[in-house]
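The same chain A turns up in both complexes below, where it pairs with chain B and then with chain C.
Then we have the complex of A and B:
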C-alpha cells in the first residue's frame, strides 16, 4: 500500500505516485522521472511495444496541456511539465538502445557517459575500423546496398544478444551489446549519407 | 439553504475561434460542438479574406482595400514574420514588391506604410484584428481566445512573432497549431480516416509536408518538413519572369490570374499576355520538384514507405494546379486525395482544435505534434551540438551538461541555434546570453547544465544552471530581430488595445481561472467527503463557496486572489480531516493486506 500526500489544489489526500487527484482531477505536483515508473512498468528490458504505445496515448490524453488550455495556469504548467516528462520517458522506453542504456546506467555502468568513454572494447574497435574501411571502398550502389544489409544483420544480432543478456542478468554482456548497437546506429547514418550522395550524383 | 451549482457548468463558456492566418488568404471559423464548423463570412458571403492591408486615412483589410493599390498596401507579409532585415528571403520580397524598408533598423524589418514604419508583426495584428471583429459581429459577443495556425516549418522566431501579433490584436492564443496538423484533424474527423497519411500543403508562401498516424482520435505527427518561403507566390514570380518586359507588378498580377485560369483551360489570356499550360508548367516545375524532394525526405524520416501510406491529402490553394496533382501521383505511386476544399481545410481544423481547447470538442481527440527543426548550442570550433533533434514530440525538455575549457573561467556564452547542419554559420541563430558567476575552477571542473524546453506551441525556452553554486540564467528565446517586451508594450500603447488594459486583462484572466479551479476543487472535495462534517459546518462551507463565486465577477486581480485564499483557508480544516481519514483507511488497508499476505 503506497503512502498518502496532499493535493495542491483541493488540499485533500492524494495517493503518492498518482498522476491526478482522484477527488478534484488536478494533475499531481510531482511526477517521477523514472520512465518505468511513469508508465507503471516494472524495471526490465523486455516489454510489449504495442501496449507501451497504448499507455502512451492514454496518458497523453489525460496529461496533455491541450486538456488544460482554458484552465488554471498552475494546472496548465504542471500538465506541460508532465507531458514533457512523459514524452522523454516514451522516447527512452520505446527505443531498444535508449532503454538498455537507461537500465545499465541504473546498474552503475558508466560506459555511456563522458567519463566512461575511451574504454571502447578492442573487439568493437576492430569492427568499427573494418566497417568504416569497407564503407570507403564501396563505390557502387550494389556494394552499398549489400553493406546496408550487413549492418541490418548485425543490428538484429545485437538486439538478440541484448535481450538475452538482460534476461540472464549479465550486465557486462549487455554493456558490450549496447555499445556495439550504439556504434552501429551511428555507422548507419554514415552509410545513409553516402547512399544519398550517390543517389544525388546519379 | 444556499444552492451552489458546479462552477463551469452554470456559466456560459467563452467562445474560442480558429484562425488560418495565411500568406495569401485568411479565414476565421468556430465550432460549438467539435463537429460542425461555421465560417464567418462578410456581407457578400465570402469566406476567404485576402491577407492584404492598406494604410490610408484608415487601415483597411481584405476586400476593403482600395482597388488602386499603391505603396501603402502590403500583401504576403507572413513571409517576413520572424525574419531579420538582411535575410536573403526578405531582400527577395522587397525587390519583388518594391517596398521601402528602414535600413537604420537593427535586425527588425520595418516597412514604410501610410507614412509610418511598421513591423510585419503590426501588419499581421491588423489582419487578426479584422478577423476578430468579423467573428464578434457574427457571434454578437466579444472574442478573446483563439487557435491560430502556422506553417509546420515555421521557426521559433516566426512562431513568437505570430503570438506577438495576436497579443497586439487583443487575442489570447490558446494554441499555435501547425497547418498540416490542422488539415489532418479536419480530414481525419470528417472522413473518419484511420492509418498513416501524408499531408502535402502548398500555400501562397509556404510549403509543408507532414506524415501523421491517425488512431482512435489521436493525431500523431511522425515527421514534418518544408520550406518557409516556397509557395504560389514564387510560381507567380516565375511566370511573370516568362511574360516579358512590362512593368513587374502588372506582370505578377497577370501571372496570378493566368495561373488560376489554366487550372481548367489549356490557354489563357489576360491582356496583353497569353500563356499556355505547357509554359506555366515549365515555369512551375523547379518549385514542384523541390517540394517533392522535401516530401521524400520527410517520408524517409518518418520510417514509413510510400506504399504503407493510407493516402496523400492535398492542402493549400496551389495544389489546385493539375501539375501538382500529376507530379505527386507520379512520385508516390498513388492518386492524391482531393475530396476536401484545400482552401478551407486548415481553418476547419483550427476551429475543431479551438473547440477542443475550449472544452467543447471531442473529449478523446488529441494532437501530438513534433519540432520541425533541430535545436542546439554552439560548442568549440563553431560546431553545433544538437540538444533536441527535429521530429521530437513536443512538449519536451532536454538537458545537457557542459564544462569550462579554461582554468578559472567564470563566464560562459550560450548561443542557441536552430537548423539541421553542423556548423554555426549554416544554422539560424536564435539567441545569445551569458552565464556568469561560475566559480573559478580548473578547466573541466565546473558543471553547467543547459536545459531546452519546447512548449506545445513549438516555442523554446532555455535555462542555464551552474551546478555547484546554483547560479541560474533563463531566457525566453527572443531573437535579436524579434520584439522585446518593452517594444511590445510600446506598440500595445499605440494600438487600440492599450498596454495597461492588456496587462490587467491577462492578470484578471489568470486570477479568475485560478479561482475557478479552486472552486471546482472545493466543490469536488465537498461532494466526496461532506459526511465528515456536521450539518452546520457544511452550511458554512457552502456559504464560503457562494461568496468566493461572487468574486469571479471582480476585475481587480488582487481581490480575486484574496477571495481564492479566503476560500482555501476556509477549507483547510476540512482538508485536514480528509487527509486524516485517508490515512486511517490506508492503515486499515495495510493491516488487511498484511493479514492476507499472511
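Then we have the complex of A and C:
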C-alpha cells in the first residue's frame, strides 16, 4: 500500500493506491478495486459512516468529469473510470452486510458464492422457510405488523453479532451472522411487498 | 433481461407445488438456500419399494428462475430411480430453461435440493453410512 510509482502524466512520484498525482493532479493510471484502499481506510468492519460519506463526496468532487474535460482525453477517461470504481467502493463500504461479505471473502470464506451454496446451515434454512410460510399465511395488517417487528428485532440482533464477531476476529461467527442477515433482508423485501399490496387493496 | 418462455411457463403454471409429509419414512426432504440472493427452496420426494420416485413436490420462495428450476426438477424426478435422480445436473436444468449466466445459481440451488432430498431419504432408511 505504501509503494511509490511514477505518474503517467508528469512522471513525478505517485503513491500507489492514491487517486491523484500530488504534483500535477492527474488521476492515477491504476486504481485498486479494494474499496478500503480506494477510501484510504484500514481493512476493518468497524467504520465511521459520517467520515466515509464526507470522503465520498470530497473524492466525487475531485473526480468530477468537468474538472478534466479541458485536460487530456486520457485524464478524462481515467476520471470517469475512477468515479465508477469509487461508487462501487462506496456501495460496498456503507452497507453493513456488503462490507461484511467483502471482508469475509477476503478471508477466503466462500459461503456467499455459488461454490459454497450447499454449506448454509440447515437450521437457518428451516427458520427462513418458516418465516416465508408464515408471511404467506398472514392475512391481517396486524399479523403483518407483528412479523415486521419480529424481523426488525432479528436484524438488529444479527448486526450486533456481526460487530462483535468482527471485533473478536471470529470468522465463523461473522459468517453465520452475515448469512442470517442476507436471508432476513430478502425476507424483509417480500414482507414490504405484501404490506404494500395489502395497503393498496384496503 | 427477459425470461425465456419456458421459465415463464413454469413460473405461471408451476408443476407439483405443495408438500409431502416430512415424517413419512418414504419421503425425503431437501431444504436449501442461496446466500447470493436469499432465496429458499424446499423439495420433497416420495420413494416406493422399488426405489422409484413416485411423487415429488416443491415450494420455493424466490425469483422466477428459482421457481422454474425447482418446478422442472420435480418433473424430472418423477418416475426415476434414486440412482437416476442423482445424475440430474444443474446444467441440464439451466439448458432446458435457457437460464442466463446470472441465474445459473438458481439451477445449482435446484440440484442442491435434489441431493439434499435424496440424502434425507437415504438417512431415514439407513442406506448411507452414518456420518
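Going forward, the second predicted complex is superposed on the first by the 197 of 202 C-alpha atoms of A that agree within 3 Å, B and C clash if a C-alpha of one lies under 4 Å from a C-alpha of the other, contacts with A are read in each partner's own complex, and residues count from 1 in each chain.
Definition applied: a residue touches a chain if its C-beta (ideal position, glycine included) is under 8 Å from a C-beta of that chain, and two chains touch if they have at least 3 such contacts.
All values reported here derive from a predicted model rather than from experimental measurement.
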Clash-or-fit label for the pair chain B, chain C on chain A | clash
With the two structures laid over each other on chain A, which partner does A:31 touch: chain B (first), chain C (second), both, or neither?
-> neither
Which holds for A:129: it touches chain B only (first), chain C only (second), both, or neither?
-> second
With the two structures laid over each other on chain A, which partner does A:185 touch: chain B (first), chain C (second), both, or neither?
-> second
Have a look at where A:23 lands relative to chain B and chain C in the superposition and call it first, second, both or neither.
-> first
Mind working out whether A:89 is in touch with chain B, chain C, both or neither, as first, second, both or neither?
-> neither
Looking at chain A, which partner touches more of its residues: chain C or chain B?
-> B
Tell me which partner A:9 touches in the superposition: chain B (first), chain C (second), both or neither.
-> first
Which holds for A:120: it touches chain B only (first), chain C only (second), both, or neither?
-> second
Report for A:109: first if it touches chain B alone, second if chain C alone, otherwise both or neither.
-> neither
Would you sort A:66 into first (chain B), second (chain C), both or neither based on which partner it touches?
-> first
Check: chain A residues flagged as touching chain B and also chain C none
For chain C, which residues are in contact with chain A within the complex?
-> 31-40, 42, 59, 61, 104-105, 108-109, 112, 115
Name, in rising order, each residue of chain B that touches chain A in their complex.
-> 13-14, 16, 145, 174-175, 215-216, 218, 353, 356-359, 364, 366-368, 392-398, 453, 455-456, 510, 513-514, 516-518, 520-522, 524-525, 528-529, 568, 571-572, 575, 578-579, 581-583, 586, 589-590, 593
If you look only at chain A, which of its residues touch chain B in the complex?
-> 1, 3-4, 6-7, 9-13, 21, 23-26, 57, 60-61, 64-66, 69-75, 80-81, 83-85, 87-88, 90-91
Could you please specify the touching residues of chain A with respect to chain C in the complex?
-> 111-114, 116-118, 120, 122, 124-126, 128-129, 132-133, 179, 182-183, 185-187, 190
